[in-house]
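Each chain gets a letter, A, B and C, in the order it is written, and its residues are counted from 1.
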Amino acid sequence: MSQPSSHTLAELAERFGLRLRGDGNRRLEGIATLANANASQLSFLSNSKYTAQLASTTAGAVILREENLADCPVDALLAADPYVAYARVAALFERQPASAPGIHPTAVVDANTTVSASASIGPCCVIGHGAVVEDGAVLGPHCIVGDDCTVGAQSRLVARVTLVTRVVLGRRVLVHPGAVIGSDGFGLAFDRDRWVKIPQLGGVRIGDDCEIGANTTIDRGALDDTVLEEDVRLDNQIQIAHNVHIGAHSALAGCAAVAGSAKIGRYCMIGGNAGVLGHLEVADRVTITAKSLVTHSIREPGEYSSGTPLQDNRSWRKNAARFKHLDDFARRLAALEKDKNDE
Amino acid sequence: MSQPSSHTLAELAERFGLRLRGDGNRRLEGIATLANANASQLSFLSNSKYTAQLASTTAGAVILREENLADCPVDALLAADPYVAYARVAALFERQPASAPGIHPTAVVDANTTVSASASIGPCCVIGHGAVVEDGAVLGPHCIVGDDCTVGAQSRLVARVTLVTRVVLGRRVLVHPGAVIGSDGFGLAFDRDRWVKIPQLGGVRIGDDCEIGANTTIDRGALDDTVLEEDVRLDNQIQIAHNVHIGAHSALAGCAAVAGSAKIGRYCMIGGNAGVLGHLEVADRVTITAKSLVTHSIREPGEYSSGTPLQDNRSWRKNAARFKHLDDFARRLAALEKDKNDE
Amino acid sequence: MSQPSSHTLAELAERFGLRLRGDGNRRLEGIATLANANASQLSFLSNSKYTAQLASTTAGAVILREENLADCPVDALLAADPYVAYARVAALFERQPASAPGIHPTAVVDANTTVSASASIGPCCVIGHGAVVEDGAVLGPHCIVGDDCTVGAQSRLVARVTLVTRVVLGRRVLVHPGAVIGSDGFGLAFDRDRWVKIPQLGGVRIGDDCEIGANTTIDRGALDDTVLEEDVRLDNQIQIAHNVHIGAHSALAGCAAVAGSAKIGRYCMIGGNAGVLGHLEVADRVTITAKSLVTHSIREPGEYSSGTPLQDNRSWRKNAARFKHLDDFARRLAALEKDKNDE
């Protein structure tokens, strides 16, 4: 475990190209919210909802936009985008678990593998036939890298990650515990009175800088591969079915699901527990709000939704019961209009 | 494996403060439903739906309310709340896996940890730097207790539980297999054309007597902690995002999800696959029905819902198509009313 | 790792009872889509959407229906159901990971177990007291077979599968990584001001030829067992609560969930992220579309749905707001009709 570091305001200003107002020698040892930060901590103001907290902050310094500077009672670092600046500065204060190069004695590594000498293989890892682990990759405890899988340079499997077979991770991919990548796609043919399993002969390709959340599952393809392009960000408990293709820089929130062979564009944002049906195409820069179901292909960028609003249960029951008669209402409404026009 | 025990009716009556009718020497070796129990088994009647089964039960004895006693053909234990009494009595008949104190030889324990001599650490467990395992805690096989995590006294990680980092479990916490607690919150800043990861510097605090279901995920906070107060009960495959706060005695059913920084009150009940959007507040004693989405803060106790009723697909298609014209209908309806009033 | 095999067209025709048109000596080394197959690969045409790709395919041969034979520019195998034939033929080209009989030295096997000499137990597996692993069963790395569990003959736990306790798998059951079977059902009694846990004394029975997806969870019963009959197919991240019963040959897509004590019939199809509330019954041959919620028992075969259609967010907001007034609309519509009839 590395020790948390401390930094002067002047160091931070120079390192991240931020303009400094105040005491460059001020030493900061951590980062905290405006409400909670103390004099040895840095804070930030990005969301205008928190502007009111600025006046009373006891932070040592605050990252903010020039327009908020006049209201800041303490030292400041000026950023065009304080949220991005916060993200970068916070990384300095993160304690990363130590991960020395080498293979832990409890790991089980097949004779036919290529593991870089600079890679770190943790306790109880299992690495299968034909697998490759590239330079600087870190496998935390209990990771399984199955046959013919590759873990790209500087990638990190936090702990208990399973790559089943024919999975290729790019560089700097981060995978959280419990994720399962490369399991069988759900392919079945119905033969008279029972199911016949369709072998899943494809693999999974994950681009550079992707992040895969805890307990997320990504199936391998039936014939071709399941693909995530670079910088795709998946939250926890997401389900990506076989032969899905997700474009670069798209982000999916927790519990979203994409059915087989769907194609999601670049820079898309899929909300929590939203779903996309199989074989659909979603254009670049589409946003789907939480819990919506995409039932047809989307050709135009923009925001899309389905569902009904939350109500107290008594009101909801009354309205929901009427939903079953909407088509009838439509006909009756049209009939009334026709009568009126016929008068 | 401890052997299942047997108990006389008189023992049970005294131990749980229940009134006995019948043969106190009757010996019971297990517990079963009214329909299936045999003469050496105890049963219970709590839900009035099953009252009709009482007359024909072949159980050795039945836990029930006084009002049902006249209809009971066998011995009985009287309880004000037979369901609670059943819960307590059933615990006597549960065979708990043996878990002798000590550390299994295949476990990997960092030199810098504090593991109580009365704790039980199972096969292939991995315990990281700075971790604490308190008195009587039981870690089943394949648990990972990451850096700076604490497992409170008498807590039980059934098997394959992952505590990633900065996770503190209270006393008597029960965690089921596949749960991941303390993984990175899903924090991203968008910098011109790609994502920048926001380090997740907070932790997770879980109160006494909480239960966490199989494959449930609880992310650690970005700056402050994610918090579950005492006696919170989470079913399987629940997703709790970073900085969520859940009040004491709330219970969430399977596949529910709570987005970042949402605050759920005490004594809430969240139905299966229901969702709560980020940064919302939900008051104490709120019930959300299954698959509903909470899209605004809820200030009053009560039951809340969203969604539409199930119909045969043909009817549903017709009605759902009309949903897209509801706003139009509203205007046309108002126009007809206006015309009528103008007449 | 077995080597991929190659087969002549004549061999395939004979083995699978298909009629051959063309060069029986043609040797095929794999299977691919019509668009991607090369001259040493077999392809298939099942979905009429792809008929247009037939004319330009460069596959060595194609499995198809007689009606498409005239349009096929290459050799062909004729099948009544090309999709089923493809499923069977593809299995020949699947490379299965090697799994030699025997117990890996890193596995931890209780003294009181019955493990067949022909079973294969992988690295870091843990097998508990009273467990049985039958002939030819394969446990990949990191599987946990808890106390009193049985893995039936020829079953395969791919990797990191957890059978908690009292789980009986039939023959040829396939379970994918991260699945947790036999964890505690979510049973709680509310005692004045806090929860009392209800011990889960039942088990789980899984029939022959079932498949259980990655990170799927199946809880054990409270008193009786949770049951899957034969040939039930569960995709990834499905939640099956305690005492659920699922009939033979039913298939559930990813992220579906079935609440406690629900009974699903035979040959049912449950769509992705669909839900079934507790204690309901669903008849045989019922299809539930994706994301629908089953809120009442279904007595008749057929297709059922709930939900609203996807729209651009602006239109959706307008319509969704009107949903809250549907009951009011219904009354106003009826009033207008009454006025008209009274005229």
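Some points to look at:
The rule is short, and it goes like this: a contact is a pair of C-beta atoms (placed from the backbone, for glycine too) under 8 Å apart; a residue touches a chain by one contact, two chains touch by 3 or more.
On a predicted model such as this, the values are computed, not experimentally measured, just so you know.
Where the sister copies chain A and chain B meet, the same residue numbers recur on both sides for under half of the interface positions. Overlaying chain A onto chain C using CA atoms gives a rotation of 120 degrees, to the nearest 5. Between the CA-based centres of chain A and chain B the separation comes to 25 Å, rounded to the whole angstrom.
Residues of chain A found to touch two or more other chains are 106, 124, 142, 160, 178, 215, 237, 255, 273, 307-309, 311, 320-321, 323, 325-326, 329, 333, 336. Of all residues in chain C, those touching chain A in their complex are 1, 30-33, 36, 81, 83-84, 86-88, 90-91, 93-94, 97-98, 104, 106, 122-124, 141-142, 158-160, 174, 176-178, 209, 211, 213-215, 231, 233, 235-237, 249, 251, 253-255, 272-273, 290-291, 307-314, 316-317, 320-321, 323-327, 329-330, 333, 336-337, 340.
Chain B makes touch with chain A in their complex at residues 106, 108, 124, 126, 128-130, 142, 144, 146-148, 160, 162, 164-165, 178, 180, 183-184, 186-191, 193-199, 201, 215, 217, 219, 223-224, 237, 239, 241, 255, 257, 259, 273, 275, 277, 287, 289, 292-296, 302-309, 311, 315, 318-323, 325-326, 329, 332-333, 336, 339.
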